Amino acid sequence: MSEQRPFHRPMPANWWAHKPYLSYTLRELTGVAVALYGVILLAGLVCLWLGADAYAGYQDVIASKLSLLAHLLLLVAMLWHVVTWFQTLPKTMPRLILHGKPVKPQSITAIGLLVAGVCSVALLAAVVALGAWS
Amino acid sequence: MHYFDADILILGAGGAGLRAAIAAAEQAPEMTIALVSKVYPMRSHTVAAEGGSAGVVQAHDSLDNHFHDTVAGGDWLCEQDVVDYFVSHCTPEMIQLEHWGCPWSRKPDGNINVRAFGGMKIERTWFAADRSGFHILHTLFQTSTRFPSIRRFDEHFCVDLLVEDGRAQGAVVLSMSTGEFTAISARAVVIATGGAGRVFRQNTNGGIVTGDGMALAYRHGVPLRDMEFVQYHPTCMPGTGILFTEACRGEGGLLLNKDDYRYLQDYGLGPAESEPRNKFMELGPRDRLSQAFWHEERRGRTVTTPQGEAVLLDLRHLGARKLKERLPLICDLATQFMGIDPVTTPIPVRPAVHYTMGGILVDINTASPLPGLYAAGECSSVGIHGANRLGSNSLAELSVFGRVAGEQAVRFARSAPAARRLDQAGAIEAKALSLLQQKGGGERHAPLRAAMGAAMEKGCGIYRLGPEMQQTCDTLAELKRRCADITLEDHSRVWNTDWVSAIELGFQLDVAEAMAQSAVARTESRGAHQRLDGFERRDDATFLCHSLAHYQADQPPTISYQPVTITHLPPAQREYGALGEQLDAASKDKVHD
Amino acid sequence: MTDIPPALEKSRMIQLRVLRYCPSSDSEPSFVVYNVPFSDDMSVLQGLQAIKADQDGSLSFRWSCRMAVCGSCGMMINDEPKLACETFLRDLAPGPVTIEPLRNFPIERDLVVTVGDFVKKIESIYPYIMPKVPKSIEDGPYLQTPAQMAAYDSFADCINCMLCYAACPQFGANPAFIGPGAMAMLQRYNSDSRDGGQLQRLDQIHGEDGVWSCTAVGVCSEVCPKQVDPANAVNQNKTRSALDFFLRFLRKAPSP
């Protein structure tokens, strides 16, 4: 009978709260922010469906100082969500070879963010223009 | 004691051992091949080889050129029939590795690229960036997993061979993780355990390069041939001895002394030209470059670093792009270990022990004088390196003779009687256990190891003196006596590296003694064995022969001599640089007359 | 004849806290503190070697090449997975330096962990060329342009050091997860223009023990000493795994 007795060290239950996993945990939490904003949007839709009074009540809540603060935090979280989403994107793609050299993941992230930024600004401008026109 | 019955046993899973295993498995799929290694195969020291592997490919090159370069490089101590076989099989083996996936560096059109290397007239060194050994080893290991008949014993340390009825019949191995022994019986045994560079204090080698297989064969009556020839690689990191590949020079790197002068031109390797020229200057053979360093140091023209004297390896003119593409590992090593960026700063380098030309005596079929025992790779002396090895011939040797060893082992095993379970296995286990269980009072082995390294560095250095070599011999004999009485600090069984490294020290001392005794007996200078005590010249009349060291247990080995096989290249003056070119041209004229 | 170069002066001391464990005498691992004289050029590995040579010969750890190419000396140094041979004491001074065996693996002895499962994983992914087009030696080498080599060569640089496994919390949670290193090797072969074995290597990537335990934490690629980017190897195979799942479904649908 050999003297072998391998010792198992279990992972600490709070591994996600420590370096180097903190940024991963934060990234994943931004998904929660996205979900939360989805709920807020959905609430607005439901209020619209319920009628003008309900919708007016919704607009009051939205305009409150607390709500504005919450929206600011959610916006920051969602922007971070977008940035980290595009940072993760190249990880999921096969290696691209252009002119004999591998394309850097940072380039893919940068292009993705640029396109997302341009599209968002264009969409916003379109909405504002439509609103002003109508 | 556990038992395992195999048809073929291979000790060592580096390039040669893996190649032998694959060859045997392909030739005889019905045979069980036990592949024993004291480390996982991808840790074998083949992994650290950087520069490349030789194989004639260019239209203007020829097997004859490779033959000539090798024999001259070996200072005519090569077995020329074996070299003939070797050069004609290098390229097919390199192609085989490529088919198995080895990522050889390519030309833009997708064909294999070759680079210049020291002592080679025409470029024929295949390379995989500057990690050729790494890629060859991983290719071989990963390919070997295709064969279910290869049964690996990873992290099993070989304690002794089983030799009975005058035949090699297996080995007793110790599992690192359980501390228990297994007697492996086999009808043929291949030793591929690598060199013994760790007997020297400063060396490029990994910790595992301790001459285990050499010592085992030696203790069982197989002579060790040409042990006095130890290669000093000229460009290593001061302090650690970590290797900066010859490819640095193949790509055009320069060696400068403290006056920024390309000093090699003072040592018969010139003239210095702006473009690299094969067999000139920095592309001369390793022994000559290391010897030049020694002289520069004596003349006070070397650079002083905290880790000792050095010269400068200048790669700046290669430019960042070429450096990152061709020498990425070198850049990493210089940056991480020395804080030097080769793009902007020359790297201090000095010689360190790198390769063991000598080893287990084997013939062209890798067969040792002991029936059933074969050897391939750095642990063997098959006769291709002679007194000095050319860079990139060693990686090629692993494939060429690894395959031969595997096939020959199959041939022998097919006709050999079945191996039996032997009683002597128990005695081998008991002997190893007695070291483990010996309690208190004896010396620790670490100081003995340090003393061995220092003695070898002093007595068997780049230049040697009789009295100093003799002193080293005496020191080694004394260390052997002391080693027999050591006590371990660790008496447990699981992963007891104290125990294993003590046994390794015993192997190393025997091999070191063979090196030092062979050196003091060779009263001439040839290749890597250079003396400054009245024996400065090559003496073909007396010493155009191989040394054979014969183990005598507690006494120093006896040294005998064996003639060299000369077939079509009679001994000539060994020159490089301008003089070498002159002599080459003159001899060609003679042929045409 | 050779002068022995003077060792760099070891004028400073540093404390190394090493997690020791000997199964025959210890019920569990515990830290032992060593004070080691060190010089500017010494690595953590050399520090451990100094302990073994001068203070305690029973300390066990894996090592060989000393130049970060054999992959033996992976361990946790100040809670980060690193190769001991290329981690320098001068960067960790004044210390103390905490040295533990690689995280997420069972400890066999001192700094030695059980790696057999990892080796089995790399053996399981058909880690060899299954040629698209068979060729004999006489036909010569396959052609492979530098661009074709760039498609896989960084995956081929993996030294099997397992730092990525120590970094991966999903491997820590699920030891059967194939993991970053094995996936890098799988992708190395799948991306090699000479290889035609992509279909055979599909089974290994499915399911929780395939790529789906991965949640793109990405620390594996951060700790990799050779910039292999194993995170990319794992994550790009999620698409392949998903595609194969649907294609198989389509294949099973009855034809009209």
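By written order: A, B and C. Residues from 1 in each chain.
Going forward, contacts are C-beta pairs under 8 Å (C-beta built on N, C-alpha and C of every residue); 3 or more make two chains touch, one makes a residue touch a chain.
Quantities reported herein were computed from a predicted structural model and do not represent experimental measurements.
Engineer: Of the other chains, whose C-alpha centre is the longest way from the centre of chain B?
Structural biologist: It is A.
Engineer: Higher C-beta contact count, A-C or B-C?
Structural biologist: Pair with more contacting C-beta pairs, A-C versus B-C: B-C.
Engineer: List the centre-to-centre spacing of chain A and chain B in whole Å, with centres computed as mean CA coordinates.
Structural biologist: Averaging C-alpha atoms per chain gives centres 57 Å apart.
Engineer: Distance from the CA centroid of chain A to that of chain C, rounded to the nearest Å?
Structural biologist: 32
Engineer: Cα centroid separation between chain B and chain C, in whole Å?
Structural biologist: The separation of the two C-alpha centroids amounts to 27 Å.
Engineer: Mind pulling the chain A residues that touch 2 or more other chains?
Structural biologist: 3-5
Engineer: Among the residues of chain B, which ones contact at least 2 other chains?
Structural biologist: Each of 177, 492-494 in chain B touches at least two other chains.
Engineer: So which stretches of chain C touch two or more other chains?
Structural biologist: 23-24, 108, 114, 145-146, 152
Engineer: Mind pulling up the chain C residues that touch chain B in the complex?
Structural biologist: 1-9, 22-25, 39-41, 52-54, 56-58, 60-72, 86, 108-110, 112, 114-116, 119, 122-123, 127-129, 131, 135, 137, 140-146, 148-149, 152-153, 156-157, 159-160, 185, 189, 192, 194-195
Engineer: Which of the residues in chain A come into contact with chain B in the complex?
Structural biologist: 2-5
Engineer: Any idea which chain C residues touch chain A in the complex?
Structural biologist: Touching chain A from chain C are residues 21, 23-24, 28-29, 79-80, 103-104, 106-108, 114, 145-147, 150-152, 154, 167, 169, 172-173, 191, 215-219, 221-222, 229, 231-232, 235-236, 238-239.
Engineer: What residues on chain A touch chain C, complex-wise?
Structural biologist: Where chain A meets chain C, its residues are 3-9, 11, 15-16, 19-21, 24, 28, 88, 90-95, 97, 100-102, 105.
Engineer: Spell out the part of chain B that touches chain C in their complex, as residue ranges.
Structural biologist: Interface residues on chain B, with respect to chain C: 39-40, 42-45, 47-48, 92, 95-96, 98-101, 103-106, 108-112, 131, 134-135, 138, 142-143, 145-146, 154, 177, 201-202, 206-208, 238-240, 242-243, 294, 297, 306-309, 329, 332-333, 336-338, 350, 444-446, 449-450, 454, 457-458, 461-465, 468, 488-490, 492-498, 532.
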